[in-house]
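Everything below concerns the one structure shown next.
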Amino acid sequence: MKFSILVSEGPYTHQASDSAYQFTKAALEKGHEIFRVFFYHDGVNNGTRLTVPPQDDRNVQRNWSELAEAHKLDLVVCIAAAQRRGILDEGEARRHGKGEGAANIAPGFRISGLGQLIEAGIEADRLVVFGD
Amino acid sequence: MKFSILVSEGPYTHQASDSAYQFTKAALEKGHEIFRVFFYHDGVNNGTRLTVPPQDDRNVQRNWSELAEAHKLDLVVCIAAAQRRGILDEGEARRHGKGEGAANIAPGFRISGLGQLIEAGIEADRLVVFGD
Amino acid sequence: MTTLHLVNKSPFERTALESCLGHALPGDAVLLFEDAVYGAAKGTAVGDRIAGLRETVKIYVLGPDVSARGLSSGRLVEGVEVVDYPGFVDLVTTHGRSHSWL
Amino acid sequence: MTTLHLVNKSPFERTALESCLGHALPGDAVLLFEDAVYGAAKGTAVGDRIAGLRETVKIYVLGPDVSARGLSSGRLVEGVEVVDYPGFVDLVTTHGRSHSWL
Amino acid sequence: MSDAKKFLYVNRRAPYGSIYALESLEVVLIGAAFDQSVSLAFLDDGVFQLAKGQDTKGLGIKNFSATFRALGDYGVTRFFVEKESLDARGLSVADLMPITYEDENDGYAEKPSIIVVSRMEMAEVMRDQDVVLSF
Amino acid sequence: MSDAKKFLYVNRRAPYGSIYALESLEVVLIGAAFDQSVSLAFLDDGVFQLAKGQDTKGLGIKNFSATFRALGDYGVTRFFVEKESLDARGLSVADLMPITYEDENDGYAEKPSIIVVSRMEMAEVMRDQDVVLSF
């Protein structure tokens, strides 16, 4: 079956991103397809490369980036939600004059529009929402 | 009277930071002293310089930065909470190898330890907590 | 010294207001702000609870939050007092501590 | 096609589970995960409510969330079924849609 | 359009205290551009989103309530509002903003978008969907 | 130490579903280094933080429950736990972790840190504070 996943909360503060990650991993291990993981609301904060979590805890962003790399996942961060919260790729950082090196999007994530969430709902057999 | 303020949620997602800002402004206008505004949990996300909120809405980070400048406010972002969420100053960015220009702390904010929150509770006549 | 209790969550969604009211002592004050202002509306179970408490605990609502949510002052439980942000600041100064029910 | 309802909030703090149960139709399933697993404990008002619903709505809890919170399986309401993450995935596939009660 | 999917946007939270109501609305606006069947559900504290007379000037926060009234122009014309949720909050449909649309299949007659339903009817609306988005 | 302030840390949320319990504990640990009077209050879902037998391996999330048991060594010895909150959740004090401290004023005798109080007693503990920190 083809799944899409919506992650609506940021890392650590709520369990939503952890639950979504475990669900996604289990679905892949069962041979299902993940059409897209869409990050909305504070969920966009999962896509920053700047976190430095404690050594004795999980690294939520790295978990997602590694899962994306291993399974060619499409991790999409909503552009409007990302602008409100300060998650930028290089194009956005340049366009808004945030300075060289300011882009903080993590490997494996890309920034795009809300249409990608609607498309995720249309294309997948099931959309599962993880939030607060 | 001397106040300290604790802001426990990030900008836009919850009203906490807006309420804290309006409270702080009103206290200053009444001639009270603000010993410190401490940002904890997702509250650290108020201190990113990378947000680009819609033109027709308020700019939460800029509101805080401007209020700090006008009244010499001490805006402190908790270092442990900031590391979990990807808010870094130049020293932190260098120490964790995040690359030139990666520091995303906004003007008027500084990163420091949780002891600053305890001190804020000790030194102020009243500590007011704004959260979710 | 009495306490100023701060509640910002809708009583229809969370139990914070109920827990706060269960711990407020005579002479304490409760300020309803953000989504908690809905708790001050007449004609609901929560409004009746608020009305019944007025003898022992003073209830305030934050006016700007009331207006934002389209709650006209005529719909507020009688005896609930509307304050603005400077009034919020005064309430903090006139009570011994503030206690946020997050 | 029946619905898989997903509830992740403690029923002692928020009204999400209550609202979900008020909208679940016969044949639907409810998965309690994250802080919602507390709702599956015996000997509480919520647990009694869950137990009473079992004839029409099937209740599941996510095992890893149950263990994390120190809820021993002996304390779960009888008839509540424990699933793991692969079981969670199966539940999504065997219902027509999932509905998250955030 | 026989393969169009039925999307339901579920609104259970009050406006302004958190951003979910606003960002949900932003999804509805974008989603309207896709050729899908769209309905909105307002229950629990979500009914507060439609309250009349919202004025956010004192908060310095953007008032987005007028946007609901514009949704008809985007073809979003079904606002299911739960009666039990209104009742519990001391509200009637008269306390909500008038929201209408022009029915192109009926000479562009102006019709109400708000449909007050019982909890049981809401449950049936919810089961009649392909995709349920809650924020 | 006559000018020491009384700090109360109020815990009303369950662990793991959100980070507030963990980050509250991090404040308590840092706060213990200051010469202040410290008490912890556990009520509502906060009582779940003290539940026995927490095992987070299946979640991949750090289990921080053992830290509560170490707080006695930092001089944090007063855990007020509300009886009504336990009762509503089907819990008794036997379902909580044993948490003790060594009383240096009583020959380092091991004593329980958990003090079960009624709601009314909890209300009085709350009013007897200079600073109430809730997360």
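Per-chain numbering from 1; labels A, B, C, D, E and F assigned in written order.
Please note the rule applied: a contact is a pair of C-beta atoms (placed from the backbone, for glycine too) under 8 Å apart; a residue touches a chain by one contact, two chains touch by 3 or more.
It should be emphasised that the depicted structure is a prediction, and the values quoted were computed from it without experimental measurement.
Visitor: Along the graph of touching chains, what's the shortest path length in steps from chain E to chain F?
Guide: Shortest path length, in steps: 2.
Visitor: If we look at chain A and chain B, which chains touch each of them?
Guide: Of all the chains present, those in contact with both chain A and chain B are E, F.
Visitor: Sort the other chains by how far their Cα centres are from that of chain A and give me the top one.
Guide: C
Visitor: Name the chain whose C-alpha centroid is farthest from the C-alpha centroid of chain E.
Guide: F
Visitor: Return the chain pair with more inter-chain C-beta contacts, choosing between B-F and D-F.
Guide: D-F is joined by more C-beta pairs in contact.
Visitor: Counting in whole Å, what is the centre-to-centre distance of chain C and chain F, each centre being its mean C-alpha position?
Guide: Centre separation, chain C to chain F: 27 Å.
Visitor: Can you give the whole-Å distance between the Cα centres of chain A and chain F?
Guide: Spacing between the chain centres: roughly 35 Å.
Visitor: Among the residues of chain D, which ones contact at least 2 other chains?
Guide: Residue numbers touching two or more other chains: 8, 12-13, 15, 34-35, 64, 84, 97-98, 100, 102.
Visitor: If a residue has to touch 2 or more other chains to count, which residues of chain A qualify?
Guide: 8, 12-13, 15, 22, 41, 54, 80, 84, 127, 129, 131-132
Visitor: Return the residues of chain E touching two or more other chains; collapse runs of consecutive numbers into ranges.
Guide: 13, 16-20, 44, 59, 61, 130-132, 134-135 - these are the residues of chain E that touch more than one other chain.
Visitor: Name the touching chain pairs, please: which are they?
Guide: The complete list of chain pairs in contact reads A-B, A-D, A-E, A-F, B-C, B-E, B-F, C-D, C-E, C-F, D-E, D-F.
Visitor: Would you pull the chain E residues touching chain C in the complex into a rising list?
Guide: Those residues of chain E that touch chain C are 13-18, 44-45, 48, 51-59, 61, 63, 65, 88-90, 95.
Visitor: Across the complex, what residues on chain C touch chain E?
Guide: Per the stated touch rule, the residues are 8-10, 12-13, 34-35, 38, 41-45, 47, 63-65, 67-72, 75, 84.
Visitor: Which residues of chain A touch chain D in their complex?
Guide: That would be residues 1, 3, 8, 15-16, 19, 22-23, 25-27, 29-30, 32, 125-132 of chain A.
Visitor: Which bits of chain A are touching chain F when the two form their complex?
Guide: Chain A reaches chain F through residues 12-15, 18, 22, 54, 56-58, 132.
Visitor: Along chain C, where are the residues that touch chain D in the complex?
Guide: Residues 12-15 of chain C touch chain D in their complex.
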